[in-house]
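Paired with subunit B in one complex and with subunit C in the other, subunit A is shared by the two complexes that follow.
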Partner chain A sequence: MHIHPLERRWIYVVLAVIGIFLLAIFYTAIARNIHPPSHIETIDSASLHLSEEFAEDKLGVWTQPDGTIKVTLVAARYGFYPREIQLPAGTQVTFRIASADVLHGIHIPMTNMGTMVVPGYVSEITTTFPKPGEYPMLCNEYCGLGHDHMWSKVTVVAKESWPAAPNAQPVRR
Partner chain B sequence: MTASTETDRPGVGEQASVRPAMSRKAEELDRTWYSPSGFFGWFTQVNHRMIGKRFIITSFIFFLMAGIESLLLRTQLAVPENSFLTPDHFNQLFTMHGSTMMFFFAVPMMEGLGIYVVPLMIGTRDMAFPRLNAFGYYVYLIAGVTLYAAGFLGHAPDGGWFAYVPLTLTQYSPGLGLDFWATMITFIEISALVAAVELIVTIFKQRAPGMSLNRMPLFVWAMLVTMFMIVFAMPPLMVGSVMLALDRTVSTHFFMTSGGGEPLLWQHLFWFFGHPEVYIILVPALGVISSIVVTFARRPIFGYTAMVLSVVAIGFVAFGLWVHHMFTTGLPTLGVSFFTAASVMIAVPSGVQIFCWIATLWGAKLRFATPLLFVLGFFFIFVLGGLTGVMVASVPFDTQVHDTYFLVAHFHYVLIGGAVFPVFGAIYYWFPKVFGCMLNETAGKWSFVLMFVGFNMSFFPMHQLGLQGMPRRVYTYLSESGWFELSLLATIGAYVFALGVLVTAVDALLSFLRKPDAPDNPWGGDTLEWATSSPPPNYNFEDIPVVRGRWALWERGEEPAGTVVGLRSGRREVLVTTLLDAEPHAVAILPGPTIWPFLSAVAVAAGFLGFIRHPIWFPIGLLLTFVGFVGWLWPRAVGGSAEEEQAR
Partner chain C sequence: MKKGYVFAWIVLVAANGQISAEPSTQVAWTPETLRFVKNGDAERGKELAQACEACHAATPENAESEFPYLQGQSATYLYKQLHDYKSGSRSNEIMVGISAGLSDQDMADVSAWYSRQPLPPAKKADEVPDTIRKLVDRGDGTRIVAPCAVCHGSAGQGQTMDTPVLAAQKAAYLEQTMLAYKSEARRNDIYRRMRLIVQQLNDEEIRQLARYYAGLER
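Here is the complex of A and B:
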C-alpha cells in the first residue's frame, strides 16, 4: 500500500505521542503506585437491617468524638428514615446515606446538600447549615409511584438550644 | 441518449447548447426511477425522497403526540395538589414524552431531513443503499407504533426516558411496559444506525463532480458529523438496552445489585449515548441554520473553515461530557473535573458557530421571511440554554440544582431552542421543495411569535422554580411550597406554544392539499437542491450538475456550469466520485423497488417482540430475518446486455 511520505511521518509522530502517554500511565500506576483518587464504600442493600451502621436502631443523629455530627439515614421507597431530624446551626454535619431498594437522591434546596443514593453504595456528604429554620429534604431521583411525597423535614435550631445527640459508638468496618 | 452510445466512461463535459433528446431523456429517466404507487406500491418504494418524506411526516406526528403528553403533564402541574391525572398516568406520560421526543421525534426528524435533502444538495439521484433506507424507515415505524399501541393497551413504560436501574428491573417494575420500552429502544437504534451508514457512504462517494470536501455545503458537513456520532453513540445504548431486556426477560444480573450487578453501569452506558444524543440532535440543526442564514443574508457564510472545524470539534468533544449527568453519583473529584472542563470547552466551538452566523448576518440585506425568524429565535433561546449549560457544568452548582426544574429549563432551552426552532425553520424553508407549494408567510409569522412567546413564558420561570428546589418528575406539590404561581405561568406558556405549533401544522396540512405552484428556487438559495424543480422529479436531476465552487448556484453566473455525461438513463445508474476531490470514478447501479425491506423489518420485529414472551423467538426471528435478507439480496437482472456487464 502506498502511503504519502508526509503522511507516514505524521503517523510515526502520532504513534510516538500515544506511546509516551501509555508509558506515562503505566509508569505512574506501576512504578510510582499512583491511582485515580477513589473512595468507594459498598454495602449490601438487601440486608441494611443487619448492618453495623444502618440497622434501624443505629439511624439518626450522632455526635462524633471531635464534636462534629454524623447523621445516618436510610432512603427507601418512599421516605427517608428517620422521618424527622434536628440539627444545630453552624456545625459541620456529615450525612451517611444508604438506599434499601432503588436509586434515590437527596436534596435540601438552597444548600449544597445534593447527592445520589445508589443502591449498593454508601453516599457521604458533608455540609453546614448556617441559619436555623425548617428545611425540606427531598428525593430528587425518580423512584416510582410515590416519588412526589418522598420528602422529610430537617429542623435546624440554634446551637445553644440544640439537645445534644448521643455519642456515636465506634463503628467497625 | 441511447444505450448504444453509452460505451465511454462517464466524465465531465460542457453543457451542450442544443439537446434535442432532452425530453426523451427525461421520459426515460422518469420510467427508470419510477416509484410504484397504490397501497401495495407504498411498501415497495425505496426512493430517498419518499423515505425522507415519510421520516419527516411520521416524526412530526410523534412530535404532536409528545406535545399533547406534555400539555397533559403541564395541566396536572398547573395547580398544587391537583388530581387531573393519577400518579400512574403521570409517570407513564413523562416517560413517553421524553422517549418520544428523543427517540421518535428528534433523531428521525434529523435523519429524514438528511435523507431527503442531502442527495439533492450533493447532486445525485438516490442514496447509496436505497433498500436499506426503506428498511430503516419500517423499523422506525414499527418501533414507534408498537410502543404506542402497547401504551394504549395498558402496557405503558413508567421508568422515565432514562430508565434508571434498579427501578426498571422486574422486581420494582413488573408488567410488560418496560419490556416493550427496552426492546423498542434497541429496535429504533437499528434504524438510526442504518441511516448513519447510508448517509456517510452517500456523502463520501456520491457527490457531484467538483464538490470536493472543502466545497461541501455546511448542512452536508453537519449531517456527516452527526452520522459519525450516531455510529459511535448508538451501540452503547443498544448494548445497555439489550442488557436491560435480558435482565428483565431471562433474569441475568447485569444491573441487579443483589446479584452482583452494577446500577451505575446503566447510567454510564445510557449517558455515553445520551449526551452525544443531544448533539446528534443539535448538529444537524446547526447545518439547517447555516443553510438558512446564507440564503436569507444572501451572501456566503463568514468563516467556512472555522464553521466546519467547529462542527467537527463539537462532534468529538460531545463524547467527553457524559459524566456531567452523573455529578452527584459520588465519582472521584479528579474524574468529574475532567468532565467539567469538557462541558465548558464545548461552549467554544458552539460560540464559534454563533459568531460566524452573526458576522454573516451583520450588515447583510436580510430578508425577514419565516425561516430566518425561527433562526433568530434560535439564537436567543439557544444562547440562554448554553449559558445555563456552562453554569451546570460546574460541580458545586450542579449538586444544588441536580434534577430540579432548573435542569428542565436548561435542557428545554437547549433542545427546543437548538432543535425544534431550527426544525420549524427547516419546514418553512424546504416545504416548497418537498411538496411544491409555499407555506403561508402570515401563518408562519404568527406561529413563530406564539411559539417564541409561549416557550419563554413556559420555561423561563422554571429556572426560578428549580432554584427554589422544586424537583423534577413529581406528580404534584403542596400549596405551601410557593411553587404555584410560576407553575401556572409555565402551564399557560405551554398552551401558547402548542397554539403556535398548531398554526404551522394546520398551515402545512392545507398547503399539502394545494396544487404545487412553487418556483424552483423561491428563496434564492445557493445549494443544488434549488437547481431542480419543486418537487423534484423521480430522478432528481436530469443532468447531474458539475460544481465549480462552494456556493454552487451562485457561482454559476454567466458561464454555464458543466454537466455529467455518460450516465445511462435506462437503468438506475448513479455517478460514484472520489472521497476528497469528488472526481468521477465509477458508476454504481442501484436496486429498484422491492417489498423485501418491509418483510425483513417485520421479521426483525417478530424476533424482538416475541423475545419479550419467550426466548425461543430469538432463533425464530433470526431465521425469519435470514429469509428476508435472502429475498432482499437475491441476484437480479440490472438491464443491459451481458457483455456490457462484463465490460464494467
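Here is the complex of A and C:
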C-alpha cells in the first residue's frame, strides 16, 4: 500500500502525541497515585435495588440534621432516578450516585456538578448551586442507543422558599 | 399519653417515607443468577411446560384469550416473572398459585424451553399513525420519554435480562400490561423505569403501541 511521505510523517506525529498522553496517564496513575475520585467506595451494581442506600424508596433529596442536603441517585439506562428533583440554592448539596448497569456520566450544565458514574462504585460529589432555575441533568458518557435521551430535571429554588428542616429526622422531599 | 406518642411517631415516620417499601423485585442479575438461568434444562422444561400450554400455547383457540404468548420470550425475562409471582412482587391470581409450586430450577428449565421456541405468527396491524412510529423510533423529549426501540430493539426483539420481547405478542396483552404499569397495578420494574415512561402516555397511544408491536415479526 502506498502512503504519501507527508501523510506518513503526520501519522508518526499523531502516534507520538497519543504516546505522550498515554505516558502522562500511566505516570500520574502509577507514580503519583492519582485516580478518578469515584474509585473509592464499591457497591454491587446488579443488586443495587436490594441494597440499603440505593433501595427504591431511599432515592431522592434528604435534608441532613446540619441543614445540608444529601441526594441519592441511581443512573440506569436510560435515566437518572428519581426523574425530577428540587434543591435549594446556596446550600451545600452532596450527591451520592450509583449505576445499575453500565458506565454513565452525570453533568448539570452551567454548574460544576459533574462526575463519572462507574458501575461497581459509588460516586460522591459535593457542590452548591448559586442560582435558582431549572436545569437538565445529563448523561455525558455514551451508554447505549438511548444515551441522548438520558436526562432528568433539576429545579433549584431560592433558599427562602425552601422549607426549613425539622430538627433531628432527615426529611425526604 | 404514651399511645399518643406512638401514634405521632407513626404519622411522622410515614410522612417522612421512612417505612421501607418492598423492593420492586427480589431478583438481582448477578453473574451467578445469569449463569443459573442460562443453564436451564430445556428438555426438562418441555415436560413442565405441558401444564402451561393449556393457556399459553400459540394456537388459534388461545388467540383471543387474555394470556400472553411465551414462545420466543427471553429466558431471563420469563424467569424473573415467575420468580416475582412467587415472591409476591407481581400479582395475578392464577400465576401466583402456580409459581408457588415451582422451584428455582423448575423456573429456569421452563424459561429455557420457552425461550427456544419460535415466536408465534405476528398479527399484522393495518397502518399505525406516524406519531406512534415516532414514539417508537425517536421518543418524546418534551415528556422525557426515550424511544421504545432503544431498549426493546428496532424489531421488538427485547434485550438481555429483563427487557422483554414485544414482537408478535397479543395486542390485548401488551395494552393491558402498559395500563397495569400506568395504574401501578404492576410494580415489578426496577426503579419504576417502565412505569415512569408509560405514565407519560395517554390511553390511545398505549393502544396503538400495542397494535404496532403485535404486528412485528422477528
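Methods note: the second predicted complex is superposed on the first by the 123 of 173 C-alpha atoms of A that agree within 3 Å, B and C clash if a C-alpha of one lies under 4 Å from a C-alpha of the other, contacts with A are read in each partner's own complex, and residues count from 1 in each chain.
By definition in this document, a residue touches a chain if its C-beta (ideal position, glycine included) is under 8 Å from a C-beta of that chain, and two chains touch if they have at least 3 such contacts.
Just so it is clear, the structure is predicted and the values come from calculations on it, not from any experiment.
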Original post:
In the superposed model, does subunit B or subunit C contact more residues of subunit A?
Top reply: B
**OP:** Figure out whether A:Glu134 sits in contact with subunit B (first) or subunit C (second), or with both, or with neither.
**Re:** neither
Original post:
So, A:Tyr142: does it touch subunit B (first), subunit C (second), both, or neither?
Top reply: first
**OP:** Would you sort A:Asn112 into first (subunit B), second (subunit C), both or neither based on which partner it touches?
**Re:** first
**OP:** Please indicate which partner A:Ser123 is in contact with in the superposed arrangement: first for subunit B, second for subunit C, both, or neither.
**Re:** first
Original post:
Touch check for A:Ala100: first (subunit B), second (subunit C), both, or neither?
Top reply: second
**OP:** Check whether A:Leu50 is in contact with subunit B, with subunit C, with both or with neither, and answer first, second, both or neither.
**Re:** second
Original post:
If you stack the two complexes on chain A, which partner ends up touching A:Ser152: first (subunit B), second (subunit C), both, or neither?
Top reply: second
**OP:** Name the contact category of A:Tyr78: first (subunit B only), second (subunit C only), both, or neither.
**Re:** second
Subject >> Overlap of subunit C and subunit B interfaces on subunit A (superposed complexes) >> reply: 44, 46, 144-146
Original post:
Any idea which subunit C residues touch subunit A in the complex?
Top reply: 12, 16-18, 20-21, 23-26, 28-31, 33, 139, 141, 144-147, 149-151, 190-193, 196
Subject >> Touch list for subunit B against partner subunit A, complex >> reply: 87-88, 91, 160, 164-167, 172-173, 257-258, 262-264, 326, 328-330, 332-335, 396, 398-404, 468-469, 471-477
Subject >> In the complex with subunit B, residue positions of subunit A that touch it >> reply: 36-39, 44-46, 101-103, 105, 107-116, 118-121, 123-124, 136, 138-148
Subject >> Complex contacts: residues of subunit A adjacent to subunit C >> reply: 44, 46-47, 49-50, 55-59, 74, 76-79, 81, 83, 100, 144-146, 149-153, 169-172
